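Two complexes follow with chain A in common, the first pairing it with chain B and the second with chain C.
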Partner chain A sequence: MTELIFFINQVVISGAVLGCIYALGAVGITLVFGILRFAHFAHSELMTSGAFFAFLLAALFASWGIVTPIPLGFVVLPIAMVMSAIFALGIDKGFYAPLRKRGAKPVILLIASIGVTLMVQGLIRLFFGAGSYSFFETETKDVFRVDLAWLGSTRPLVITEPQLLMIIVTVVSVLALHFFLTRSRLGKAMRAMADNADLAQVSGINTALVVRVTWIVAGALACMAGTMLALDVTLKPDLAFNIIIPIFAAAIVGGLGQAYGAIAGGLLIGFAESLAVFNWTMVLRPLNGVLPEWAQLPATLSFVPTEYKLTVAFVILVVVLLVRPTGIFKGASS
Partner chain B sequence: MIRRSLTLFAGLFVLILVIGWAMGLPFTSSRLVEAAAYSLIALGLNIQWGYGGLFNFGIMGFLMLGGFAVTFISYPVNPQFWGSDGPWMLGRALIAFAAGALLVYGARQSDKIGIKGGWKTFVTVLAWFVAYCVYRSQIDPAAAYIEANAGFVGGLGGHPVLGWLFGGVLAAVIAFIVGKIALGLRTDYLAIATIGISEIIRALIKNMDWLTRGTLTVSPIPWPTPLPQAYQASGSDQFSSLLLARGGFLLLALAVLGIAIWLISRAYAGPWGRMMRSIRDNHIAAASMGKNVTARQLEIFVFGSVLMGIGGAMLVSFTQIFDPSSYQPINHTFLIWVMIIVGGAGNNWGAVFGAILIWLVWVVSEPLAKVIFDFVSYWSTNVGWGAIPEIESRSAQMRVFVLGLVITIALRYAPKGLIPEVVRRDA
Partner chain C sequence: MALLELKHVVGGYGGAPILNGVNMAIEQSDIGVIVGPNGAGKSTTLKAIFGLLKVTGGTIEFLGESIANSLPDKLVPRGLSFVPQEKNVFTSMSVEENLEMGAFTRKDDFSETMQWVYEMFPVLAEKRRQPAGELSGGQRQMVAMGRALMSKPKLLMLDEPSAGLSPRYVIEIFETIVRVNQEGVGILMVEQNARQALAFASKGFVLAQGQNRFTGTGQELIADPEVAKSFLGG
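On to the complex of A and B.
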């Protein structure tokens, strides 16, 4: 039983947390791709800047002496999401809209989004330096240890408060997104435009409004993902820049343009990463009593060494591109 | 058009003179050698993107391969490794690798003996898994043994120019494999796939300590031309020996660059170039004219990557240190893209111009930002707001912002670049 709890701690919880962050980022990327037809690289900077908005707000609240039962990062999240949405709209207005108006190809927009990435990253580093920050300098990170001795386990089930809240918030926002896309007028308009932009326009859908709503949703979700990542680890200027490719991998694995696919892809990549570096010896150790002398298990028996954790996502990406380029759920490809 | 290019190059020359006057000759001379290497890399990307319309965002990977190649060829031989069991263990790992490759190949051919459909997929996946386990079982102890007893494999002690060539060959081999995998994809997917592959290459080179020494870095890597110390030993003073040595390296780099430009321009002016342009502009029409689009795109991807490998090797030779952790997507992929976009895709002189200009902007923006910050800080101290904290590290970050600003301005106001492609219309 101890082994199973160890497995849950190491793989299920960390995989779910990573998967939630990937999924939220990938949903934004996939929505932007569905509506505007370009790979938006600057999404990583939306995530990082969103996390910094939340960090600044949390610091402000703390300086006012506001104490809340849950971490301040979650309390200020809605305000930070609004700020991020406005920021995303501003970026679109300033950089992408003029190019779109000129009729630039998606490739040019992709390059422009890299320019935006560099600029935002430069600005963040200019103001915050290259160091890392923590949301938990003034408050403590609560850790829940569920004692499972009655199940015969010597180890407790360990989950931190931000991780638990993160999973709950992700589930809630995914449900909200689902109802928005399937029940509301605007959500249906968004899906229609993702399917066929010209047809959507001639049937009277306000495409400019749909584009704006897309940026609002993408910016808000990116802020959520970035803040959660910063709450789980630490906040630094290259916070999301380093994980943008796994996030893209998640979006592609799920099928670009498919919101549900992105969620599935994010969770898949999150679990695959934590499963790949998991040390199987910890679980299979009881077998050592049965196995003969020459077949004893080595001290570490993981599928890939820990330092290659990030490459797992790339390998999955390459394999998916090779075997099924449209993703698990059929995505927008040509 | 020619007049415009000449004016721009004359302006660039004046800029170099100004930088030389402001920053001193040692700084400027080494930046110029690096600019020559970056020009070669930019030419490589110009072939892929400007000629072929291929979206390669994995430049960093090819530069790392070139850097590794020149380190491996030109670094002195490590007798500790060759005297130990290392080569024997590596040989066994190689045999395991070959056996694994054979197994996977066999599994892929298994439909010949009547294994079909889902069973074939199952057999293939199983073969991959077994091959991976067999290879890991041999390479892990070999790597641990080499790292413990000899440090790392060491070099072969060859001439650095041979290393540059090997860099090109290695980049070509990897580009062939990458191209086979990824070139069938449309642009956005290709960009993401190449980024992913370059990250895999980076992770491998960074963590294969037995082969590359990983984060411990390898130095000093020899120069192809005499070092400043050699001139100093023969009696020149410090300043002139530095100039002579760097001048020698610069001449060699310019010679390589010149040969590359000459060969590319010859090829591009001929039927091959016309075919490439037609594939880039409308690959469906080109295919209907009987051109093998996939093979031609693979060809151009490999050619471009060769230049990137050679350029990456030159950079490592010049700085004399191979540090895998110094490679970053911003410095080694996006920077090259900015060079091409600003210079002008599809025009070799545009690529060279963009490479030199952007490299100078990149290296100068840090000291320039420092001067501006110092000035503002002085002013704000006088007003009573206090000085700007950590000016040094902040100005180092300004480069990234300037790079982003340059690319967005270029896309907005000069989308074809400063020296755009010349479209010749034959009667």
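On to the complex of A and C.
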């Protein structure tokens, strides 16, 4: 039982948290791809800058002496999301919209977004340096330890308050996104434009408005993902840049342009990464008692060493694309 | 004053003009049919009216006002709808959602219009929850027309509505078009099944090399030996 709880702590909870972050990031990438048909590389910077917006707001709130029952990072999240949405709109207006107007090809937009990545990251370093920050310098990170002695486990189930809130916030956002896309006029117009942009225009749909709404949703969700990542680990200028590969993999695995696919892909890759670096020796140690001397388990026994965690996303990506070239949810291939 | 009037329209896709002076006048009671050889500029004419390409000369008036180079999101609310020839449904969306997208520019309650469309195409009411991509070619054409009708247009433009349909469906779609016209919607359509379509056209236009060659009622064009010889296959 102790081993199972250890497994849940290490794989299920951390996989869910990682999966939530990947999912929220990947949804934005997939929505932008669906509407504007280019891979928005700078999405990582929307996440990182969103986390910094939240960090600044939290610091401001703390300096006013505001104390909240849940971590300030979550309290300021809605405001930070609005700021990120505006920031995303500004980036589009400043960099991508002029290129689109000239009929630039998707690859040009992709390269422009790499430029935006470098620029935003440079700006963040200019103001915040290269060091890392914590949301919990003044607050404490509550840790819930659920004692499971009654189940025969010597270990408690461990989940931190931010992790629990993260999972709740993600579930609520995904539900909200679902209702937006399936019930609201603009959400449906977004799906229509992703499905067939020419026909959306012919139908009289205000495609410029749909583009703006897409950036608002993508920017807000990126801020949410970035802030949650910073709350779970630490905040630094390359916060999300380091995980842009698994996030893109999640979007592609799920089928580019497919919102639900991106969520499934994000969770899949999140769990897979946690599982891949899980140290099986911790669970299998009791076997050492029955195993002969020469077959004792090594100190660490995992599918992939932690430093190669990034390869997990690649392997899943390659396997899925070989079996189903359009991704799990049959997305666009172009 | 005609509902739609084109005078000496010149336009193209950026290079040499494809349309070299197209003239047309359509009333709300009309069924106008454009015929002509491949590459004559038939589709281009409809796209030019709908603001999908650059008009560089001549005038396009709708209800007496110039609409040249206006974009669809301005034209649809004014009463103009267009069904492109290909990729004319949102395949991943349900039939009902396709219809809703046709009403995107409307701020009022469109449930009555949807009812009207379902009465016109009962099979769509049955399949309202099904993704449009799963329907047969004929049913997709109905979805496409239904979508375009949701904005309550005064003029419906159709690009080869019978393309790729079996003969039985061709007749059905033509009958539907006549019915839509009887409900007070003007029609301007491009057709390859020229003889069949001209038979019920109140106005016919033979287009060749971006210009009107012959204009008249459908019956007149069918009866014209020269039109018959050069454009209707004898």
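Following the convention adopted for this analysis, the second predicted complex is superposed on the first by the 322 of 334 C-alpha atoms of A that agree within 3 Å, B and C clash if a C-alpha of one lies under 4 Å from a C-alpha of the other, contacts with A are read in each partner's own complex, and residues count from 1 in each chain.
Following the convention adopted for this analysis, a residue touches a chain if its C-beta (ideal position, glycine included) is under 8 Å from a C-beta of that chain, and two chains touch if they have at least 3 such contacts.
Not measured: the values here are computed from a predicted model.
Participant: On the A-aligned overlay, A:L317 touches which partner chain: chain B = first, chain C = second, or both, or neither?
Facilitator: After superposing on A, A:L317 lies in contact with chain B but is clear of chain C.
Participant: Give one of first, second, both or neither to describe whether A:K188 is in contact with chain B, with chain C, with both, or with none.
Facilitator: In the superposed model, A:K188 contacts chain C only, not chain B.
Participant: Just to be sure I read the superposition right, which of the two partners does A:L110 touch: chain B = first, chain C = second, or both, or neither?
Facilitator: In the superposition, A:L110 touches chain B alone.
Participant: Of chain B and chain C, which one contacts the greater number of residues in chain A?
Facilitator: On the superposition, B touches more of the residues of chain A.
Participant: Just chain B (first), just chain C (second), both, or neither: which does A:Y308 touch?
Facilitator: first
Participant: Touch check for A:D147: first (chain B), second (chain C), both, or neither?
Facilitator: In the superposition, A:D147 touches no partner, neither chain B nor chain C.
Participant: Mind sorting out which residues of chain A both chain B and chain C touch, each in its own complex?
Facilitator: none
Participant: What residues of chain A sit close enough to touch chain C in their complex?
Facilitator: Result: residues 185, 188-189, 191-192, 195-196, 198-207 of chain A touch chain C.
Participant: Provide the residue numbers of chain B that touch chain A in the complex, in ascending order.
Facilitator: For chain B paired with chain A, touching residues are 55, 181-182, 184-189, 191-193, 195-197, 199-200, 203-204, 206-207, 330, 334, 337-338, 341, 390, 393-394, 397-408, 411-412, 415.
Participant: Within the complex, which stretch of chain C touches chain A?
Facilitator: 50, 52, 71-73, 75-77, 82, 84, 87-93, 97, 100-102, 104-105, 147, 151
Participant: For the complex, give me every residue of chain A touching chain B.
Facilitator: 33, 38-39, 95, 98-99, 102, 104, 106-108, 110-112, 114-123, 125-126, 129-130, 245, 248-249, 252, 256, 305, 307-308, 310-311, 313-315, 317-318, 321-322, 325, 333-334
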